[in-house]
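Shown below is the structure under consideration.
Chains here go by letter, A, B, C and D, matching the order in which they are written, and residues are numbered from 1 within each.
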């Protein structure tokens, strides 16, 4: 089968022929319909510092945001069936830690990630544990089915405490920041602010429900948000940029007694004014990673099915699998002209 | 001033002239712009069994859902100012009970209710404690400002646990049931079912966001809801009808591990299958009364200001104060052809 | 092997010889050290109305509160090992329902119960799914290890909302009511009241931490509790008796804004004053069944290991397995002179 | 009257004669029985950098942890009465911010602190707003009544999420760290670890319930805690030292999915590894300041009254008011030989 693999500890990846994977008794084999490109994939592709420290196995197939059809089922499986259309939770938990036994399996001690710790889904077939397979509605469009994993990040992060009737500022205009705007809108946030750097993406944010967008290259986000909120700050802030400057601004704009979600990954440690920004303000901070298994999947699936959630404008590019270089280049170039890019292994579904 | 008062222990009320009330040092005087009619007002008007047992003072001015302008401020007041446009929280708490001191002042032990335990707002002026005054945006339309108190019931009840991504069934098509549909829609519930008896109101429910409406005169709600939910039942049920038959149906359709809110008032005790419907199902029940002071007011105010919440179709009638009989008759007649009815003391605002 | 089985649809049970069970690939075989007697076992033994309606298979081995040693492990198992000392969660969940996939597997739609829906643990050996096995500390005394399942009911019910600094009244002096007193004491409840009928058990309640005990045969619990609480009622009430009279008293003594847990099973439906007791009081009710999998097990295990929890006085009888009739008679007789009765299959552990 | 005042922008304070304060209509006058010394008082006394930046008014009376008797009541007051024995919540909220109106008045935007923003309680009399007066049981010992304010910090911080059945590590052996150990013990934490620097205080920690104490001068807390917890880390960590080294250790020992409370005040910003310590671990952080008004007061009052909470060993010194220099010196010296020091204005209560 064709697979896009990291074959060298250097920039890029290679589309190669490898055997179809053999499944274990607790696994299913999925024929991949489409796979979208994650920021993590881009890090591995460009082989940045994080990737150099994190990726242990080369060669390894890339990718983890996908949808496809179950074509083979292991002997110990009893939930999924041949013909099921699935997406997957890419955090593969252990089965014995306190985390796994108390509803936190997404951060289990020995958790492994598809496309990072084992072969991924930028291939014609992938073997995955039945446990992490999520059965989709058969008539969910392929491009929406494919992006459920990153959408799940946005759903978990945005809704970790309720947003109805609340103001929320999202810092970061990457795909998950943009998804978060759409999620906040669907869940009743009543004042939604996106702070970013790319006009193309700020326009997308408006399309999916932002009340205010701020380009931090041209405006001071703190000043602007304080104006918008009458000097009180916002109830909820999501840091999704990984920028230390944005992090500081997040602390400044969250209101006393408000909530801060941390999701964006930083290059280095960050200097934090714990006294004034955490203690005296009395805020609550949630570190967000992955998705709740499987509460988040029920929520995102219901939001998509109901039509309440508008993420259609955020899937900006649909490309054949073989055009993967074009896809990665779109993600790497500046100024950015894309949000989520989907690669199709099954071109008949590319519409 | 003119005031609509209960003057006799019998059906009806009388529009009479009485002196403008004197305020206490902790009170403000409000010139009433408009006052909507609550089901409680209807009970007092028709003098049903509940009203006979509950109303201690006759004569007494009726009404509690209103908006108006502050025209006088007591010596101990320091938050509200002359000229402020206000609505009021009608639950006047004590200031010493554990409830009042721990964020539950809406159910304080010695709590008093405007228009039930003291003179109400179906009058040209009303004196209210500053504590329960809620300052409105000056440009909020009068009819919306007036119905914030009952809307608050719907907001508190519907959102006592988050509804985003959840299915919800509301039993009862009175104004608060209909408000609840709109609130659930604004807050991201993804499958909203209203069960009622009046086709006029079921149509309104559809207009404000119900995915399914069920007329319990013609269809079996349990059967229908089980069909809609694939046999699983709904995540959240709000009982807003006060009907023992509906109560039983609520217990049958709430899913295992789901949530039940109880809001509707019953004529008598209700027979409950505690084993099968509460314990083995592992549900959580919230008794709902009033509004959180003042979390609910912030939420409803933000929902209205943001335009996320569509309740415009639910205010079906706007009448001059003097046409109060027409208003009460609309609420009493069957089949019902109204939802919320607003009486205007200031006719210049009636548009 | 020896097994105590329900062999006829009538009072009693029979100690018979049957083959050691064959395990499935996902199961382990446990050599039972000891098994305590549950109220459910007594219902099945005396063949009351509930048992007649619930038990589908005869003959079937009784019992589900036990501890023992893993002596064989199925091919698909990978967590438990031969030699592990285990107790078990007796609720065997399905693996596909929303409940099972969102942390509510203890109330999964197709959940099965050991000793009710399949052969139980009043036998020398039992086969159980690995999923529900809980590995004990090797030096936990056998009688404590054996009662963890019912202790888990008390832990889940008592601590479903925090009790620290709260007053709590437990209605029902059965073993789980008594365990609840000990749990409330260990978790910082500051005013603990037990209401029961049996002086022997009320004395045990005092030994494990009750501040007040009330024998409802001789005193009016409502009057007494209102006196104790200065007329405010208690913050938290656990109904653990299954008596409609107690249920009514629970509703009367829970304070406005307080919490009510429902655990006791009733013979029939119960008449409830929803208006005054649930809505106007603004209480929250939790239906409690089973134990959280596996949060409750971590909590109870830590409470036992730390020595904070004193339940030693509540295990009143230790009998050899063959004396099962004496055990059941102790549970059936009145006035009651027992709390928890443990039957030992391995007599060397009976100390 | 006598008052201990900051009279110069320099080390120390002066015991001077000033007039008894005049009360406002919403205030009461309290005759002070005793006042304990807070770390904040020590900062003001020694005039450190924080104090230089924070204290706006000189001269000003110091102190805020006290108890006394109400001897005069303002015209607008209606809850407290002459003769009431009170302690006070030292955070005086505004009455209009979202915080104050939604149960977060302890962090209200314009909140003022007794003894910091206005005259304090190291005096024979103090005027305080009735709103922040907490009526004590008449037979509560004076030294316990006096330390309720700092005890409240420990209660709020320790119990912001439940501790029953949880492991908890407290970093910091100041009085509030020690109180936290006692509170965790009373509320059912099952593995309590105190990390500190002073052997005198570590011994006190053992007396009030620590399972393990670690002197960070002699042992590596991270290594030791990982050993104690079998490599998993602790469920809950409270940072109460204000040391950047301790902060880093807190992040290292909190388990994946665990809780971190931040209470200790730092000299400077702190460098934080947001990726590995907050996001990938999926922890929740609570910034803690003050006490919940008045949930925390009910909890601490019940814990004290019930006798469940053992803080007696933590009040190490009782001195006459005039010996204030000795009191401050005890707090300043190293190695520390004190925990909480109480100054008595009413020497008849000093026992």
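In the analysis below, a residue touches a chain if its C-beta (ideal position, glycine included) is under 8 Å from a C-beta of that chain, and two chains touch if they have at least 3 such contacts.
Remember, predicted model here, so these are calculated numbers, not experimental data.
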Message: For subunit A and subunit D, which third chains touch each of them?
response: B, C
Between B-C and A-C, the pair with more C-beta contacts: B-C
Message: Measuring centre to centre with CA averages, how many angstrom lie between subunit A and subunit C?
response: 43
- request: Please work out the Cα centroid separation of subunit B and subunit C, and write it as a whole number of Å.
  value: 42
- line: Residues in subunit B with touches to at least two other chains are numbered 98, 102, 298
Field: Residues of subunit B that touch subunit D when the two form their complex
entry: 25-26, 76, 78-79, 95-96, 98, 101-103, 293-295, 297-298
Query: subunit D touches which residues of subunit A in the complex?
result: 97-99, 102, 104, 106-109, 232, 247, 255-257, 262-263, 265-266, 269-275, 278-290
Field: Contact set on subunit B toward subunit A in their complex
entry: 155, 159, 162-167, 186-188, 190-191, 211, 298-300, 302-303, 305-306, 308
